[in-house]
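Structures incoming, each one as structure tokens.
Below are two complexes that have chain A in common, paired first with chain B and then with chain C.
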Partner chain A sequence: MSLPVSTPLPPRRTGAASVADPPRTRAGRPPRSRAAGAAAGVLLWGYAAVALTPLLVMVSSSLRTEADLADRPLGLPLHPVFENYARAWSDGNFSTYFTNSVLVTCGSVLLGTGVSVLAAYALARYRFFGHGVMSAYFLAGLMLPIRLGIVPVFYLLNSLGLIDSRIGLICVYAASGVPFSVFVLTAFFRQLPAELEEAARMDGAGELRIFAQIMVPLVRPALMTVALFQFIPLWNDFFFPLVLIGNSDKYTLPVGLTHFVAEFETAHAQLNAGLVITTIPLVVLFLLATKQIVAGLTAGMSR
Partner chain B sequence: MVQARQRRLTAGSRGAFVGRPGKPGRSRRPGHPARPGRLGTPRRRLLLALLLPGLTLYTLFIVYPLVSALQYSLFRWSGTRQSGFAGLANFGDLFTRYPLSEQVWRALEHNVLFFVGTMLVQNTAGLTFAVLLHRSRRGKRFLQTVFTLPHMVSPIVVGYLWSAMLNPQFGVVNATFRAVGLDALAQPWRGDPNLALPVAICVNAWQWIGFPMLLFGAALAGIPEEYHEAARCDGASAWHTFRRVTLPLLTPAIGIVSVLTFVGNFNVLDLIYSLEGSQGNPAGATDVLGLLFYRTAYQNPDANAIGQSSALAVCMFVLIFGTALAASRVFRRMEDRLK
Partner chain C sequence: MAQIVLDNVDKVYPGAVRAVDGLTLEIKDGEFMVLVGPSGCGKSTALRMIAGLEDISAGTVSIGDRVVNDLAPKDRDIAMVFQNYALYPHMTVEQNLAFGLQLRGTPKPEIKKRVAEAAKMLGLDQYLKRKPAALSGGQRQRVAMGRAIVREPQAYLMDEPLSNLDAKLRVSMRASLNQLHDRLGVTTVYVTHDQIEAMTLGHRVCVLREGRLQQVDTPQRLFDNPVNLFVAGFIGSPAMNFVTAQLVRDGGPHVAFAGEKLPVPEETFAGKPGLDGYFGREVIVGVRPSDFEDAAHANARWARIPVHTSVTEELGSEINVIFTIDAPPVVHKDTTDLAQDATEGEEDAAIPLVEDKALWTARVNARSHVRPGQDIELAVDTNNLHFFDPDSGVAIGHAAAHAVAPAGA
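Presenting the complex of A and B:
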């Protein structure tokens, strides 16, 4: 697993797991436990169907016509039509929402990760007055219900002229990712051996150079995890743009969806196309980076 | 065991590193003990440059608004302007002024039910799947991925997707029941006040089940197999081994999952919004604190909307943060007793 410090557990696949399944469990098992094994299989694969079916229904509905959907709820897209996507993309404004989501999410992740790397480096590699307080201050953010500050956030952005603005949203989003990122990155920076830094200093490298050219490249896997972990909830977030963005040209996908539903109440097939458009990027991301995402999810173990 | 080792490792590398004299401040004499540098020394400037961006962003957009909410709650508001100190009057409004006084308790009740239901349905199933997957080898990776896939989907998408599937006439769920002759099971899932909340709990569980499953899976992988071996040698049944050996050792993981479920459930809003609308239909049967807070702030005809919603925010903050903190402490103590 790529999170050795913040996941205080051995890698699942190599360590205990392989010890746990010696051949003994295969051949010499009594009939009762073989039946139990079969029942477990049925349960697991049965639930896999439950987990997948709704997503397949979503894709299938997006490829059928409105009339077909109303006539045969259980029908399949035997003659798939892509018209729903075309219309949702242009008439339904999903092109705008998609662009906004990409801009806002990527901007937030870059800004949030950027400032977190700097702060985490300071917290991990230097000791200074107020170090403990500062660490605790960042750490406290892990459990703060930040949505409850929405009214003051609104007035704060208003006074900065950032209401109805993607920049304003990016600032709030980037800030919301700071506690988790600082937490994970600090753990990683702490792990790096001191000798590296000493050697670099002997060779005459300055503090900034050590940071940028030696330390940061070494925590690249952690950076990936942290970035992914900001990306997912921010891409999916609905509450902040609902309140902070009033202009539909600047809606992100989740708010755009509610807007679409309110406007085209009966366009079920198109709505499904919109749902797929919203979901696809994260599903692709998840399938590409399953390992990092799983590692990040289980990083909560050490909190 | 592993935990202790890693803690020692990190502590060791840190100790060997940080206290070393004459490190970052080049102006400092070698051998001089580490001390806070004066303002303007290169070390101080470097530290400021590193810490300040993150600190500013986090303080300005997260901490300051939460502190301001407390201040807002102590003032009476007319529209967007403060019109005098109100003391605790806004808090009084929450519990005495109709309809808020009724809605607050109803929403709180729904949140509690939502939490209890999620613990029973989602986390129990998550633990079961984790245990079964821990033993099985074939398809483990694949199953984990599939179970976790809905976790990636936005709660808004999940809400709209399921409201289409649960549609009484055209929905896939009822159509399936009718197709197999179980017409009695074809219910108005989202429209029946008695069914709406349990349905919302199940939909939420469908989305989040991968999370407890992965956490419990990681925790199970950390339990040495010898413990189970020993129990089996002593003649303990599989259930006994699980109940007396595995479950107690999972206490830390159960604690984390419970706290995170609590925080998540008391913040729930998106899913209910897309499944049942901003009013928590039908007839408020799925109204929760998150939705009520949103409506009190942004759909409230009262001129004192900001005062009232801020008071509600403060109450929710105390409830969520306080409970999470207290629960973490209790679980930590249970964990210590384990060692």
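Presenting the complex of A and C:
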């Protein structure tokens, strides 16, 4: 997405470009000494081990029987069994929790991003009465953790009849992501040259078309980033569904997990299976989106 | 195609900054009009008012027979080429070209035809599927042109479209622009700060300064008959040499400066009515570098002056001889403005003058082999001397002189 200014010609973006990127950046680094390289290697591998071990234990435990777990808490799944997953999915109600999580998280991200992109565009590219106040208002949302406002939020939703409702949860979640998204998107919108807008205007585009067909496509990498940044904490959030949702049919995965522990006191194997089910979507999302986001960010830098 | 008429157009920004001040200009149908001037002279603002990207504070702008003051840019039937091209980065060349037509509801086969024609004309056929990022500067520039061409508008507006290209490409694009205009014959308004671009491209050139029109004329007439010191100094490279001189009658009219005397031919007085009123008074005399020649290679009837060469610039086909004359540089608002533009506002960018003496440039034949530090005799074509009033800076006896507001008024 580099813009046609007088910068030297960036390399052609072909399908192979993204594959070719990492070696090029590595070659660009100054050569380091052997010792420093080794130290960095040890540090990074050490960190990777610390980060990955719990995940590996979780996966391996989910593949072992309850008896096996009780016998040896740590150990390899020598005879892997998959019944934990089946039982968590059906008996533990995980199918319901999973659907709820997907509905609530995706709905919130879509709503939050949609509102943010509209607000950010207006704040970045128009001067209007109350501009400063509006900017400050959105920024204030970044300053206060939304969890501090749980009591007013609870009463607000209660009076709206949105307690124990997935829609209520979506509203709270969507709003919670707006300040950060507006903050990021405003910066991106502001960078786009005014000439693009003027050129589109001369071409005959109205405000809405300039927004939708010229400006939004140009901030797509930023949109991906803010969507992902909303998605992860919402998917993992335990607090709001715990407070705002009472009916277990409407639980999301994190709350569902605790429910599960309480009902099946010692079902550690199934709990681990549940954790894996909860984690997999995040891992998949990262694998899919990282490439997009990195590509978007580097393209944004080369402009 | 249409003519564009600006009638007494003003642009006042908040804080009472007058970017354009009473600009009246008639651009004929099919004409290539260049607006030129130093940065901040209001040329871009004027263009943007024609485009509809800036409000018009006062006066009227008409395109064709319509007053367009209150029309949105898209309804003015004009196309603009921007300095940084403003191509849509996420669209391919083809989509970039077609975008404006799609929005106007042009039928698909027609769009295809026009895009193909424009691409062929500009040599972009093989790049249609590429995105702007994968194009070189010159190619992007051509796409920007193509986007204007496919629209088949009443007029093209171009805002310094070549200034982002490197020098060599700029020269070749200049030639292609000329060709393109000959072929399409569409009214074009072109903004630049580069006087060479202005001279080579424009049918007529409009020199602006501080939002005010100085002179509009063909490039040759601007060069030969500048209306004031500012235009005289701005048009032409190297710039015209100035000196404050006495007009004396001393066995024939002469101008005396720096211990030298140049005869003024009698025909000059016929061509510049009012000049004889300056006898015994000071005038500012201007001499084009090209009106000098090495005496050894010059017309025998030209006047001679001996000079001491300080610097020479050998350009192959000619030599620029830079020498000091024994007179202070002309201090007038027009010349200081020009000097400021040349150094882009940096006070200390120019080399300080030696003992406050004016530096002159003469362009002589490459065969003269003059060296720095050498004393040579230069011949001057006194038929082409320029005379300016030392107070107003206006050319004495110029037909349009009364139309120019005195500097700083």
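Some notes on this structure:
One rule holds for everything that comes next: the second predicted complex is superposed on the first by the 244 of 303 C-alpha atoms of A that agree within 3 Å, B and C clash if a C-alpha of one lies under 4 Å from a C-alpha of the other, contacts with A are read in each partner's own complex, and residues count from 1 in each chain.
In this section, a contact is a pair of C-beta atoms (placed from the backbone, for glycine too) under 8 Å apart; a residue touches a chain by one contact, two chains touch by 3 or more.
Fair warning: this is a prediction, and the values are worked out from it, not measured in the lab.
After overlaying the two complexes on the shared chain, residue contacts for A:82 are found with neither chain B nor chain C.
Once chain A of one complex is fitted onto chain A of the other, the partner contacts of A:253 are limited to chain B, with no touch recorded for chain C.
In the superposed model, more residues of chain A are touched by B than by the other of chain B and chain C.
By the touch criterion stated above, A:193 is placed in contact with chain B and with chain C alike. When the two complexes are overlaid on their common chain A, residue A:214 makes contact with chain C while staying clear of chain B.
By the touch criterion defined above, A:203 reaches chain C but does not reach chain B. With the contact threshold set out at the top, residues 4-5, 9-10, 12, 193, 201 of chain A are in contact with chain B in one structure and with chain C in the other. Chain B contributes residues 2-3, 6-7, 9-10, 13-14, 16-20, 23-24, 34, 36-37, 42-43, 46-47, 49-51, 53-55, 57-58, 60-66, 68-69, 72, 80, 125, 128-129, 132-137, 139, 143-150, 152-157, 160-162, 164-165, 170-172, 174-176, 179, 206, 209-211, 214-215, 217-225, 238, 252-253, 256, 260, 263, 266-267, 269-270, 273-274, 290, 293-294, 297-298, 306, 309-310, 313-314, 316-317, 320-321, 324-325, 328 to its touches with chain A in the complex. Listing the residues of chain A that touch chain B in their complex gives 4-5, 7-12, 15-17, 19-21, 25, 33, 36-37, 40-41, 43-45, 47-48, 50-52, 54-55, 57-58, 61, 69-70, 73-74, 111-112, 114-116, 118-119, 121-129, 134, 138, 141, 143-153, 155-156, 171-172, 174-176, 178-179, 182, 187, 190-194, 197, 201, 207-208, 232, 235-239, 242-243, 253-254, 257-258, 261, 268, 271-272, 275, 278-279, 282-283, 285-287, 290, 293-294, 297-298, 300-303.
Partner chain A is touched in their complex by these residues of chain C: 51-53, 72-74, 78-80, 82-90, 99-100, 103-104, 131-137, 140, 147, 151, 164. Across the complex, chain A meets chain C through its residues 1-6, 9-10, 12-13, 193, 195-196, 198-205, 209, 214, 217-218, 220.
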